[in-house]
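Here subunit A shows up in two complexes: once beside subunit B, once beside subunit C.
Then we have the complex of A and B:
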């Protein structure tokens, strides 16, 4: 069988180093963590930095345009002649041609293991995985530096960094794999790392519950991808990216939609898409740097990566684009609406993450891959920055997370204030910050490709986003400090459990001075928050043009030019900011801030306060029946059927034993009689039987 | 009256039956051993009778073999009886039921 191997095959030790260094770091910190103690943080951060630096020299090789797609025969190992034609065709209008699909994965390839024909594992670094790998290791490095300051004094300091390194390794496996099986391995391992880190404070029941919930929902997604792999093997006979993409044209539309749908189940679970999003807000139980790295910047965008990676599949399936775009749009809107109702600073950011990933999924879903991927990049910067800033605030306020009990932090925490302001402006899409370019591109991309309903959702969501993010900013940093007043005057009934909130995310409750280790990474992230969006006008589309060849072209919006759309979105955003200002930061609002917050707390609409009842519904539909099934198995199936069968077997055996015992009388004469009777029978048989 | 093989075989059968009855009915191990000897010798008598009737010496050889084995068997059997008697102070085989399951 001919196998299509993507990327220029060769030996790239730096790539293997970048992939395995975090694993080595994780194992070393696991094994020697208690001994290195406070050195664990610097070691972990340094290893992640090494992985980042190891990727940089590969930039040219990974992005070079040349004859990238080769047909390899597993028997001869010879290079086929398909490469040249593949390169030739991706600049033209490639409507589903095999060669064009193959060329989407230009880059470098390092073969590692081959345990069966069609079942190999190697590393693939092309433009798409390069962007992800740099973000994972780069932002991973910054956040580990931040964590050195944030986690100081924690009992399990080194274990924390072991987990973080393990996560980086798992995520690198996910994005560097050259086939779907390797991707699924990484996919499962990041879920495991996420489980470890959400449940990092494993002595807190709520954290354990949240980690279990996240793990179970993520496994639902893993099963989806597993089934997609089964279908690929059934249809194509291989799970290598090259093999699958080269055969897209041979797949029936139904099979293609089934594969895309199964893959999207995985995306929805990992990337917190409706209705599998409920684990993400609860995941805020983990330490704040974890929320920044895993549950905002990298892991939750794995779904975006997968769809962008599988662009040839989505290009060929209109229904899949419709499905994914719609779910993405719904998620963007639902996340934004739920963000309105939160009082916990981390939960607000969690819902905004969900909403922004909705944007990304909507973008890559409708075929605006480059816009969706750019939004991933800019979001990684500004959301990591927002989370880390929130961490600074939480850290300084002795683990207070309820924004109603903050207020007036502008003067007490000037750095946090300015950083938060910058991040909020970026996420709202104020020009020229990064979020402006990417969000605008995603929103306009939906209109260009003929999805006006998604466009309307995108614009509306942008306005709501502006409102709730500025609400967060105003309530936290403006007015007067409310930390000392009685929580009940704000309508908080149980101060420890404000809202559906999370308990404090740290296990030692005192105010900390903010260390330089926490400020420096945020300052570096600011550069990206401000500048990353400029990549859009610096040739981002051209950079990814080879990767997303054959994407559905925008027909150009018929009734709204791009500039008009930009003005519309900005106007809606400004309206959202204005409403937030009037409600929370105008002089009149600040005077009666406490009363207003109390009224808002008490009168929160029930659907919002209960997160649209998703948890209740999932509980009733799946969790409760599963628990009932478990109880049934525990009370009926196990004791009666399974144990019953075992017990019956033993009873019958014992009864047979009793029967056999009764022959063993121990009486010699009885044995003798048996012998005689036997001998008599023997004689009788020969004496009389022989006659007949 | 001419004494032919039939009479020898009849005697052998009677002796054998007496031996069987002795083994099954008596409870004294010494008597049981003697009954076993009786059965051996009944068998010997039959062997010798057939050997003579068919002019074939194999039967004689077998009879000698059986005599030898019977002597060994009697020696071991009597030794066991003595040991058991010393242990249990009884000579009733029904009370010596050490192998009862």
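Then we have the complex of A and C:
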């Protein structure tokens, strides 16, 4: 069987180092955590920094692209064959447009192991995985530095960094794999890291429950990818990216749609797309740096990565683009609507994450891969910044997360205020901050490719986003501090109406001064929040043009020019901000803030307060029936039906059992005797037989 | 000769151990030593030659013929390793007698997995039930009827196996056929045509009971729950593979056409067990029974893999047999540690142990993750290969249905882990000491093997390939 590998095969020790260093760090910190204690944080952060630095020298090799294709083929057992000879065989094995699409995914490739024919493993660093790997290790490093300050004094300080390093390793496995099985391994391991970190405070029942929910829903996604692997293996005999992409032309449209659909189940679970999103808000049970790194910047964008990686599949399947674009749009809107109804600062950010990932999925789904990937990058900066800023606020207020009990923090925490303001402006897409460029590109990308309905959703969602993010900003930082007043005057006695947990988080219960270790990483992230979007006009599309060759282009017949669209989106955003201002920050609103918040709390529309009843539905449709069937099996069928037949025999032999128990003491000896006698009989029989 | 050594050495040493005082701790370490010797002997001699001793001439030829078949070699390695770990972890009273039983069990099971003669296979099959029975009687839960249930079910199966073997020998003239390159020509072709399906039925029922497969499984949860954990580790890990192994090295090569004929009902039974076990584990409160039901589920998957008649799936079955052996042994050993400390297995009465015993929690989560098929550990590799192969072989619905229990497995394994280890500490549980280094040592090789095979299952998978030409599987 011909085996097609993407990238130039060779030995890249730096790539292996960047991949495995976090694993080594995780194991070491896990095993020796209690010994290294407060050194655990610096060690963990340093290892992540090393991984980041190890990637930099590989930039040129990973992005080099020549006039010829770096696609090579070899026999499946010929791992490690020289790239040069392999390039020569390129023209003989791949053909036509798909080969072109594949061949331009150049990069570097390191072979690892082979399980069986078709299941070979290696690392692939190309433009796409490079961007992800740099964000994972770079932002991972910043957040670990921040965590040194945030987690100081925690009982399991070193274990926390062990988990973070394990997460970085798992995420690197996900993005560096050169095949779907390796991707799935990373996919499962990031789910595990997420599980550990959501349930970090494992003495809290809510954290335990949330972590299990996140893990199980993510396994639903895993089996989606698993089934896609079955389909691909049956169709092309391999799970390698190269093999699959080179054979796209051979797949029927129905098969392509099935593969993309199954892969998308994985994306939906990991990236919190409707209807598999319910774990993400609950995942806020984890410490805030975890929410920033895993549940905002990196892991939850794995679905975006997978679709961008599988661009050759999506390019060839119009139905898949329609499906994924639509789900992305629905998620963007649903996340924004649910963000309206939250009072917990982290849950607001969680729903905004869901909504923003909806944008990314919508972008890559319809074929605007470069826009979707840019939104991933800018979102990684501004959402990490928002979460870390929220962490600073929470940390300073002794773990208060309810924004109704905040207010007036503008003067008390000026750094947090300005950082939050910057992040909010960026997520709303105010020019020239990073979010403006990427969100605009995604929204206009849908219109360009002929999805006006998605375009409308994108514009509407931008307005809602502006409203609820400014609501967060105004309620938290404007007016007067409400932390000392009776919560019931804000309507907080009705948790069932507000649809959220009102018990404060219990990281550690005392207020903390903000350490420089927490401020510095946020300051670094600000650079990206302000400037990352400029990449869009600094050659981003050209950089990715080879990776996404063959992507569906615009239809040309667009009724709205790009500038017009930008003006429209900005106008809608400004309207959202204005409404938020009138409701929450205008002088009149601030005077009666407490009454307003109380009324809003009590009168929250039920569908929003119950998050559109997704949890209830999943419970009623899957969890309850499974438990009922299990009870039927374990307590009715097994003992009463299946066992009934043997029941009679058991009663008959009950007296035998009695007899046996009375022999117990001498039993082993009796048994040994039996064995010896039996063996003697065999020997005797054998001797007898031999004589005859 | 290595095979003969692995069978006889534990039994002989076991008998010699009777000479030592009953309360001594020496026998246990002698047991560890001899189990380790079998492990080293196996690992160092993957290509050892067979040992044959002619034994019967009439009415058919039979031999004391032992040696390695590919899958048998894999399970023998597993057996030796698990025996070592179980004896290192031993915390039952009367350790000399317990050790003797475990050694007899090792020898007898070595006989099952290394026999290349059907009659020998059948005799060892019955022999391996005895030490388990005696251990259940001597060390099991008081008033438990699991020992008798175990014996009744499995001896019934064993009897059928013996009858089927005798019939096979009578018709084909020899029973020296396991792993043979060529199949015997029946001495009585007419009788062969009529009797062969019945002979397969005899074998199959014995295998199905032993595995066990729904609806013949009800002896298993009680046996595993009653058995002392070190014994449960050995039998859930290795003895439960006897049936699957039987299908693999006896069913497929000797009865290929008949096996194809019963594929559909077998796959259906496997799937029912797969889903049924998972659902039952989801609500069970006894942690050992949760693992028992999960075994039912996992063994159902192996049955599906065998009856897909696909090369990849067959490789997957061998990998999954070893993987399941490793993680179920690890699970039962850890549950044994917990039971010895807390004196209960009821999820409702456990909780929050991780706060006091973090290392114990770490041990349990690793075993639980391997069991729920975490990618990167050996169980996942087995599941992936089995299901990909099954799907490729045209089993669309079985492959799709088999994915559902993977989700349920995540739920019940985490429920078991979190129910014991996490959440608020249950008030009336006294503080116990954390995992000792000896207890950790017993788990370390199992965990290392799970991780290694999770990254690279090829060494085990290729053992399936070694015997593939005799497996009746169409190689692609």
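Following the convention adopted for this analysis, the second predicted complex is superposed on the first by the 591 of 692 C-alpha atoms of A that agree within 3 Å, B and C clash if a C-alpha of one lies under 4 Å from a C-alpha of the other, contacts with A are read in each partner's own complex, and residues count from 1 in each chain.
Rule of thumb we're sticking to: a residue touches a chain if its C-beta (ideal position, glycine included) is under 8 Å from a C-beta of that chain, and two chains touch if they have at least 3 such contacts.
These numbers were taken from a predicted model, which means no experiment stands behind them.
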Open item on the list: In the superposed model, which partner reaches more residues of subunit A, subunit B or subunit C?
Closed with: C
Open item on the list: Output check: A:205 vs subunit B and subunit C. Expected answer is one of first, second, both, neither. What do you get?
Closed with: second
- [ ] Would you check which partner chain A:181 touches, where first means subunit B only, second means subunit C only, and both and neither mean what they say?
- [x] second
TODO: Applying the touch criterion given at the start, work out whether A:542 contacts subunit B, subunit C, both or neither, answering first, second, both or neither.
DONE: neither
Task: Residues of subunit A that lie at the interface with subunit B and also at the interface with subunit C - done: 660-661, 664, 667-669, 672, 676
Open item on the list: Touching residues of subunit B toward subunit A in the complex: what are they?
Closed with: 20, 23-25, 27, 32, 93-94, 96-101
Open item on the list: Quick check: in the complex, which residue numbers of subunit A touch subunit C?
Closed with: 30, 113-116, 119, 181, 184-189, 192, 195, 199, 202-203, 205, 208, 212, 215-216, 219-220, 222-223, 226-227, 229-231, 233-234, 626-627, 629-631, 633-634, 637-639, 642-643, 646, 649-650, 653-654, 656-657, 660-661, 664, 667-669, 671-672, 675-676, 686, 689, 692
Open item on the list: Looking at the complex, which residues from subunit C come into contact with subunit A?
Closed with: 11, 15, 18, 55-57, 97, 100-101, 104, 130-131, 134, 137-138, 145, 147-149, 152-153, 215, 217-219, 221, 276, 279-284, 289, 293, 312, 315, 352, 354-355, 362, 369, 372, 374-376, 380-381, 384-385, 387-388, 391-392, 399-400, 403-404, 406-408, 410-411, 414-415, 418, 421-425, 455-458, 461
Task: subunit B partner contacts - residues on subunit A that touch it in the complex - done: 660-669, 672-673, 676
